[in-house]
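We call the chains A, B, C, D and E, going by the order they appear; numbering starts again at 1 in every chain.
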Amino acid sequence: MNPERSRATRSPPAEKPHAAGWGHLLPWTAALAFYFLGADFLGLGTNALIMVLFALSLDLVLGYAGIITMGHAAFFGFGAYAAGLCAIHVTNDPVTGLLIATAAAGILGFVTGTLILHTKGVTLMMLTLAIGALVAEVANHLRDYTGGDDGLHGIRMAPLLGAFRFDLWGHTAYLYTLAVLLAWFALAWRIMRSPFGRSLDGIRQNVRRMRAIGTPVWWRMVAVYSLGAAMAGTAGALSAQTTRAVGLTALELLASGTVLMVLILGGTRRLYGAFAGAVVYVVVQDFAAQVDPFRWMFVIGALLMAVVLFLENGLMGIIDFAAARARSLWREQTPR
Amino acid sequence: MNTAVAASRLVAGYGETVVLDDVSFELETGRALAVLGRNGVGKSTLLNTLMGFTTVHAGQISAFGQPLNAMPTHHRSRAGIGYVPQEREIFPSLSAMENLRVAARARGWPLADVFSLFPLLGQRRESSGGSLSGGEQQMLAIGRALVGGPRLLLLDEPMEGLAPIVVETLYQALAKIRDAGGITMILVEQHAELALSLSQEAIVLERGRIAYRGPSAELARDESTKTRLLGVGGVEEAK
Amino acid sequence: MSEFTIVLDGIAYGMVLFIISVGLTVTMGLMRVVNLAHGSFAMIGGYVAAVAVGAGVPFIAAAFGAALVAGLTGALAEVLVYRPLYRKGELAQALMTFGFTFVVIAALTAIFGTSIKTLPLPEYMSGLVDIGFRMYPAYRLFLIAFGLALALALWLGIDRSLYGARLRTAVDNPRMAGAVGINVNRLFQLTFAGGCALAGLGGVVGSALLPLEPYYALRYLVLFLVVVGVGGVGNFKGSFVAAISLGVIDTVAKYFLPSAAAYLFYGAVLALLLWRPDGLMPARSAQ
Amino acid sequence: ADTVKVGVIMSSSGPFARWGEQFRQAIEVFQKQNGKTVSGHTIEVIYRDDGGPNPVRAKQLAEELILREKVQFLGGFVFTPNALAVADLVTEAKMPTVIFNAATGLITRKSPYFVRTSHTIPQAARPIGEWAVKNDIKRVVTAVSDYAPGHDAEVYFSKAFKAGGGQVMESIRIPLATTDFSPFFERILQQKPDAVFVFGPGGPPTVGLINTWASRLKPAGIKFLGTAETQQIDLPKIGRSALGLVTSFHYTETVDNPLNKALWADLVQMFGKDTVPDLASVGAYDGMRVIYRAVEKFGPRVTGDQAIGLWRGMQFNSPRGPFRIDEKTRDVVENIYLRRVEERDGKLVNVNFQTFPMVKDPWKEDNPE
Amino acid sequence: MSDAEARHANTLGAAPVLSVRGLCKSFGALTVAQDIELDLPGGARIGLIGPNGAGKTSFVNLLTGMLRPDAGSVLLEDRAIDRLRPELRVRRGLVRTHQINTLLAETPALENVAIAIAERKRIGWRMLRYGTGWRACLDEAEARLAAMGLGDDRLRLVRELPYGKQRLLEIAIALALKPRVLLLDEPAAGVPAGETRAIHEQLGDLPQDVAILMIEHDMDLVFRFAREIVVMVQGRVLTRGSPSEIANDDRVREVYLGRRVR
């Protein structure tokens, strides 16, 4: 063997973007601080957190496994209806309802996933879309149960853990949502760094390669699809429980489109991208709609375009950019 | 003096990564240059730079007296640079025939000539590029460059994946092109003897710099340099 | 004979789907840009024509004028919006074109208001024609004829031409396409403009079945995507067959089984795609 | 003098943007006619966009309006699910809330602080059923959009029609996304009914719906019965196909009444000659009247219970005609008009030919508390 | 080992690890496999050569399940695997490399190998408890890359590696799967002559009972490696024999070897 192997380039070894320890602290502290500082906006805040969870669930499916789905809202909506119906007919304990809804959405994800995940690309996209549309249609038709177009209402939640009432100001709702989000986030963070998560990364990049090392590709995709569905179901359930209402819109294509937009806006495959995207989207939408409810589409549209044009991977691109700047400044200042 | 290609103090790479460092050479029209070197020393990058696929950080490159630095790739092709990339890069959704037709120019080789050079390709002309076998794709990549009527032919390991008997045919064809003059060739090859016997001049790259430059015949005889720069000694010894 | 009428209705409806989606077959199918802004161009065409017809321009002239305007808008958008995108991957493209659609909707609403726009058909198209056993709307016959002509023209002009092959090289491998002398930027710009012009034309011609309104660009987008998806990305024959099949299935189902109609369209999409995962007419590269 | 804030939740973006626009224009006209102040107190209207049927967003907006903006009244609500979503909140906050549009029967049941200034679907659908069966129409096919309002319309029309001895041959439900109505109408053609009762999805597809009727069913003598399909705003787009359509509705633009004329005239003056009042306009206009009355009576610190107390049984003249809020149900009691589309001065208009005076919501009668 | 002995070992040795029975495949009018019969006993070192387009890669695709045969059967350790999906065949030890690089381009070289090792160890499903297991995979991957001479490149994204190193990585991954049967499709194409030694050494380090089939157009490598050579032409086995027999076979010279310029 030749001991002096040539290395032609001077590029440093590839660094995987890793959020540093304090990087974790920032968003969560901010979310907690908001509870104290944004008291008038807790409803908005809760919706934003729910959107974060929803987008996070899409990140697993789309960002990591590369399954482009246009029907993800089906799971959100299914979870929402499951939680709502559970509260009305079974038990109005929030945690039980949340678990039931999560499981229900996960099962729907598993069943539809097994059906469609042998396809790929545009075909898969259209299949997810068709399934989303069919689920929405079923909800519309089962008016006796779902309220159809009138929406599901009459949901009354028992106090959380028997102790905390869902108050008018949304304090309980906010903290409850934040806690659930944190739990899912921690789980997702770990899973995406596990061998399982890495195999998804591989599947997204090159299915042939993964087959050639013996990865049961289809099963892995079904697994992550179900996982994402369950997570979206939790988000839906939170929405149903905190607003005490579910509408068909939760299931509609536009909802699938919105969450897609939110995730890509934030940046895929970062987990925190879901954070950035959801918060910015919800806030901008709310703000623009207040300033001029007739023209907010223009603002949102321009924002989306600007992000794509000027940032590499969504809003998280800003953070990468800032980190890179900081690193190079650091290097310039410290003699090597 | 009739210079076909020239590079002076060229620094080029991918994005911020610098691969080629201070590379200079000149090649006269009608001559063949062998570019040798180990894995990852920048051979392909040199050809890529001539095609405009890299970032040039410093230095000049020109072909046929025109500066290339700012010229878009399709103009380079129209100016007469033909390219056979290392990974073949044939167009998978086009048939073999279409792969040739999109590249064909009046001044280039007629399609029939390509098919008589590679009869197998003629038999597969209706197959889509993506379904061709590795060797067939290689033939197609070469054919595609030839039908464009290049004045400067860049070949990145053109023999790879071809059966020995086809290598022989191709060798003779390239030798003929070389002997006819007119077409300038830059040939990147792993098989040093083959490359050296086809070319009049050779450069050896090491870590993106030119480590050796001289007539091919001389390098072919210089076993110690070859061993040092190319590590081919092992093969010799095993024979 | 009612059955025959229904099939005819289905074909006419399918033709509308085809006429509007075919532009998307060009931009998304052939050029592989995830073009969620397709509806915007159809909408721009439709609005322009509506204004023109309102001002007294004859229908056909207005239609082609609208196609031209949509095409030019497309050419401009290609430079400003799409060109930076080709390398950025499908997600960035989806986001960008979605944003673009929002902006177009907001702009058109600002200019033309929030009410729907109608495009009155000329006399000769709005009447009924005797087709032997009954009277039948002339407009639908026109749709069928127009759709067939368009399909044939595109099949010959793109699928079977060197231009089509060039386009596919640029999509397969733009770098290498440049290396065989193809001006990828110009080719894309022209093609994109063409796709947008087709969208504009479709917006005009189909306006009686897909009414023009501020939300048009998003409301019917799914329909267009489905046609392109079911047809197999990137070929006209596929889109044509898919559009007609979906049109006929949808219409016939609504006639015979109105109670299940809501499920039938997407049910059919699901069934067709599970049966033929590469689309009804898979593109060659999919083999 | 104080400022009284009124939060209006409406749809002013997306496919239903027109509703928001109509609301806003009518409110501005109302404030022009009646001043922006009531007994020296400024009435400030704060608009919020819910973007369409979206209960989650509606609830969040209502929360913000109540908690942050500290509004005194809520108004608006184009869609039923949005109104239902705020019911609990409104009850908890004792917030007097005026539904300007949403038209499902049960809404006012859901909170004691709801009143309604629009109509309910059953209210509009029943009279035309009663009328049809008395006017030589014996056999009908119903074709309604497949969503809750459509289902309600189908049920209440059929009930009244059958009660009069008519026969409903088939009840077809048309998927909401339908833009090509020909297969349904072709099916109806085969059954040869005397008329078809239609409840369309509203908005853009209406034009296609009526045109398809005109080209397929009209020649066969099958009449068109509807409710909101022939609004003035759509008539010019539908064109002459609309001639002769019979619909029943609580508001007709051509009603001869000074308030209506003033409303129309001011809309035109402020927002251009093509502006036409419609159900959204009267809903918002009368909604503002109701709110003004409450401030007039109780001043800027009006409580929910005071306002609702005042509103129960309140009566006044509306552009639509006489108007009353039911004492018990807090729902609107109003005339339902049967109208026919006619051509007047080269323009298509709805013309009333029969009035069902002061109709109550039939749903509440059928579903006693 | 003499030629005769080699053949003896092949025909009479232990039961074949892989046997191919009557394999047929055509694409329309083009036949790429015509009634192919082949046994790979443990320890086999077979070179598969033949003109371009003869069907060599297709043969590998048929064995690994990437192509569905029209007829015939493949037995791995006496069990028919025709119905197994490709990934399950891999799990049973039937491993291949690709003629055209098939790697995870946006992933560092190290992880490309580590993921494969994780699958081999069946820990690819682990989601939550994986710490030491995954560390071990990384460590093994690191060692394997170093042995291939790719140690310095382990953290670089595959996309940025030069072509030749990507070829070596293909092989490193295949070896990391600890195959029972290894099918190499032109492993050395694009690898400089100096570097082919690394391949040769690595193959030499494999357990002796692993069966290897190598497709190559580089005759130096084939003749150094193979104990038996199979020549395939137009989907059929033209002939087979020891390297020296094949080198002197006129038919093989005519259709494939030519006069040997190399």
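Heads up, the rule we're going with is that contacts are C-beta pairs under 8 Å (C-beta built on N, C-alpha and C of every residue); 3 or more make two chains touch, one makes a residue touch a chain.
Bear in mind the structure is a predicted one, so any value in this text is a computation, not a measurement.
Enquirer: What is the minimum number of touch steps required to go from chain B to chain D?
Expert: 2
Enquirer: Which one of the chains is farthest from chain B, going by Cα centres?
Expert: Between chain B and every other chain, the largest centroid distance is to D.
Enquirer: Looking at C-D and A-C, which one has the bigger number of contacting C-beta pairs?
Expert: A-C
Enquirer: Taking each chain's centre as the mean of its Cα atoms, which chain lies farthest from chain C?
Expert: Ranked by distance of C-alpha centres from chain C, the top chain is E.
Enquirer: Suppose each chain is reduced to the average of its Cα coordinates; what separation in Å results between chain A and chain D?
Expert: About 38 Å separates the centre of chain A from that of chain D.
Enquirer: Using the average of all C-alpha atoms in each chain as its centre, how far is it in Å between chain C and chain E?
Expert: Between these chains, centre-to-centre, one finds 48 Å.
Enquirer: Per the centroid of Cα atoms for each chain, what is the distance between chain D and chain E, given in Å?
Expert: About 74 Å separates the centre of chain D from that of chain E.
Enquirer: Among the residues of chain A, which ones contact at least 2 other chains?
Expert: Residues 2, 7-9, 11, 137, 140-141, 294, 297 of chain A touch two or more partner chains.
Enquirer: For chain B, give me the residues that contact two or more of the other chains.
Expert: Residues 17, 38-40, 131, 231.
Enquirer: Would you give the residues of chain D that are in contact with at least 2 other chains, written as numbers and ranges?
Expert: Correct list: 14, 17, 21, 146, 175-176.
Enquirer: List the residues on chain E that touch chain B in their complex, please.
Expert: The touching residues are 27, 49-53, 56-58, 99-101, 160-165, 186, 189-197, 217, 219-220, 224, 255-262.
Enquirer: In the complex, go through chain D and note every residue touching chain C.
Expert: Per the touch definition, chain D meets chain C at residues 14-15, 17-18, 21, 146, 172-180, 182-184, 186-187, 189-190, 203-205, 207-208, 211, 215, 219, 233-234, 237, 239.
Enquirer: So in the complex, which bits of chain C are touching chain B?
Expert: So the residues of chain C touching chain B come out as 162, 165-166, 168-169, 171-173, 175-184, 283-285, 287.
Enquirer: Considering the complex alone, what residue numbers of chain D touch chain A?
Expert: Result: residues 10, 12-14, 17, 20-21, 47-49, 51-57, 59-60, 63-64, 67-68, 80-82, 84-85, 87-89, 92-93, 104, 106, 110, 146-149, 151, 175-176 of chain D touch chain A.
Enquirer: Enumerate the contact residues on chain A facing chain D in the complex.
Expert: Against chain D, the touching part of chain A is residues 40-41, 43-44, 46-47, 137, 140-141, 143, 147-151, 153, 168-170, 239, 243-250, 289-290, 293-294, 296-297.
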